[in-house]
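We call the chains A, B, C and D, going by the order they appear; numbering starts again at 1 in every chain.
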Amino acid sequence: MKKIILLTGFEPFNKETINPSWEAVRTLQGWHEGDFVVHARQLPCVFGQASKVMHQAVEELQPSIVIAVGQAGGRVDLSVERIAINIDDAPIADNQKRQIVDQPIVTSGPAAYFATLPIKAIVHALREAGLPSSVSQTAGTYVCNHVFYSLMHQAHEWGTTMRAGFIHIPYLPQQAAAHPGSASMKLEDMVEGLRIAIRTTLAHDVDMREAGGVTH
Amino acid sequence: MKKIILLTGFEPFNKETINPSWEAVRTLQGWHEGDFVVHARQLPCVFGQASKVMHQAVEELQPSIVIAVGQAGGRVDLSVERIAINIDDAPIADNQKRQIVDQPIVTSGPAAYFATLPIKAIVHALREAGLPSSVSQTAGTYVCNHVFYSLMHQAHEWGTTMRAGFIHIPYLPQQAAAHPGSASMKLEDMVEGLRIAIRTTLAHDVDMREAGGVTH
Amino acid sequence: MKKIILLTGFEPFNKETINPSWEAVRTLQGWHEGDFVVHARQLPCVFGQASKVMHQAVEELQPSIVIAVGQAGGRVDLSVERIAINIDDAPIADNQKRQIVDQPIVTSGPAAYFATLPIKAIVHALREAGLPSSVSQTAGTYVCNHVFYSLMHQAHEWGTTMRAGFIHIPYLPQQAAAHPGSASMKLEDMVEGLRIAIRTTLAHDVDMREAGGVTH
Amino acid sequence: MKKIILLTGFEPFNKETINPSWEAVRTLQGWHEGDFVVHARQLPCVFGQASKVMHQAVEELQPSIVIAVGQAGGRVDLSVERIAINIDDAPIADNQKRQIVDQPIVTSGPAAYFATLPIKAIVHALREAGLPSSVSQTAGTYVCNHVFYSLMHQAHEWGTTMRAGFIHIPYLPQQAAAHPGSASMKLEDMVEGLRIAIRTTLAHDVDMREAGGVTH
């Protein structure tokens, strides 16, 4: 039986009509290579519901690897998140018009979880392939981080060997055309980047050691 | 006889091994549609020589439209330049290792020339096509501006109806992969953007009026 | 009789209740040293009226030097403008609720004028004094550039020896406190910066040659 | 007996000859008001040693509140850190020429600790006072975060009521004068900001709830 890779993307939010994370992820639905196959799922951009849909997908599919993907309008590259933190602090309302401020995601959960993807190896492989990428030290405090933390907490609670993490992606060009000053990336490069992230994760049980930090 | 459109791009500079402006421009060599045909020429990234090669190409080809294209590493979009200024002030040496500081490009030439392309219409059309674009109020003070000013001066001196201008383009993804924090754009989008710029110029004898300025 | 230095600042605009340019400039009203004395005038943030008030002040005071100062919210330093361009292209309405788009400031005026202040020497002196500063290649296309161009045109028309230019300054800290993400500078540093700009202009009939340009 | 407030700042690093964090902190040595007094200590910019000096100071002084302060060249405001993470990942060597990559600060320590200062109340009070400030979601992965994490871990291990956190501050103007493009802040504003942070911490046993997060 094939290893299952779960990719998730979000529905559009914040007045956008498209979300590149879902566009990229759904392109890879069913993609298989060697001994793995990809399942793609869409998450609502809603606190609580997003993590619920994620949990159900993980329960149902029992994936070996989960990569959650989210739009980071304004960022320039494929940014591989290092850490998920236990706080919701929304600068804007979610798609259910709720704006949660300073609530823990999991009451009495730990402050944070590190991603268990080989983040340095992924950034290295993406750059080698000519795709702009970097390690990110924060996934924010909105629904993306919410899902990321919930996912890592679930993996931790289950004591599973499942590896998981989060990748933020820029606007698509057509979105940036409406947001002057914002960087963008083509859908095909996002998709190729996700393929590389999957292959790299499968190839690295242990991450590379390569500087990817920042002074502040 | 067909109208001639001259596109120019630059050779690589500043330690790069590729220049997206030449990559994009050379792809369009010979492209024709309706009553026009594109000629592509490469310029050296050298003060003086760059404008000389440009002048000779203009003299030889007698183009109706000239669009000079240059790499602007760090910019996020196709930025259509509004104005060329009569100064060389190089922050780094050119490809002949010369760093000119504060010399006029044309002694006793006017301080500046406005582009004679329909810059607002081009930005509008690019955004409509889903390509990030904006008007830029400065082409810098390096070889790009040098060529742009020389070109506009030549057009002015000849009293020609030739229309001309300059478009700055971002890094390619493979370049941005080596410059963390920099935005990028795919070659195919740059090429498509230049096609749109040409068609829009041919379609607009007079520019649209649409806000594209900045407070500072 | 003392040489007259005219400094101008603007009234608040764009929902601000204060304009650092006027706050800095008015502090220097009457400041004198050696053989010069400073006159400070406030300009309305209104196309046309701003340049009219400037012209009248120049006519009345017959200054040796004019430094127009304006707020550049978001910029980080004292930026000394290199060039004024002959276009109004307002991204927002002025204080009379007029938003001019793509009109020349002076019909049949030249495309641009270079500042006649020793801009490189001023930047050099400011940095020596521990004040962040840089040459700016564009004063934008709003009321600041409008006044700057009008002033340089007036100087040119009169064939005067008056030297003139424009300095953009950041938000004050209290303004930046309301614009998260924006840099700021203390009023006293702005004032000290203007003192240095005046002294440097008086000390340099010819500008220093020091790189201050950009590649794009 | 008076409550002790411990402030720490760093020695210069990365080719600087001054570190604003130490300049600001040492100004407050001995400052007292009501029932508290400030002790200021300098930390070396060296992994391991910095946290050792911090631990000894905490052990010796038994402070009620600790605010560690560090330079964040390029940031625009007083940024109050939300969370310290258990990783050293240095982009540059420390002052002992060691560049640690991807090592936990405390082996088998938790992934992160939240600051126990009232971070939202501090940002609110600073802005009220006209000082630019924001919550920061990451203190980086260098010596600042190293000290911050070690400090929070020590507080946690001791089960103390001591409250602690970290504030990043911009360059001083004289530093920014040598780093064109960087924002800066006057020393007196940094010092005033720290006074406000101390008073606000004493006044708020529980933090305010006010949005201070980011989407990514």
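Here is the rule we go by: contacts are C-beta pairs under 8 Å (C-beta built on N, C-alpha and C of every residue); 3 or more make two chains touch, one makes a residue touch a chain.
This one's a predicted model, so the numbers in the text were calculated from it and none came from an experiment.
Chains making contact with chain B as well as with chain C: none in this assembly.
Rounded to a whole number, the gap between the C-alpha centres of chain C and chain D is 38 angstrom. Look at where the CA atoms of chain B average out and do the same for chain D: the two points lie 47 Å apart. Among the residues of chain D, none is in touch with two or more other chains. Taken as a contact graph, the chains are arranged in a single closed ring, with each chain touching exactly two others. By the definition of touch given earlier, these chain pairs are in contact: A-B, A-D, B-C, C-D.
Listing the residues of chain A that touch chain D in their complex gives 14, 70-73, 75, 82-83, 85-92, 99, 101-102, 110-114, 120, 137-142, 144, 168, 207, 209-216.
Residue ranges of chain A in contact with chain B, taken from their complex: 76-77, 126-127, 129-134, 173-174, 176-178, 180-186, 188-189.
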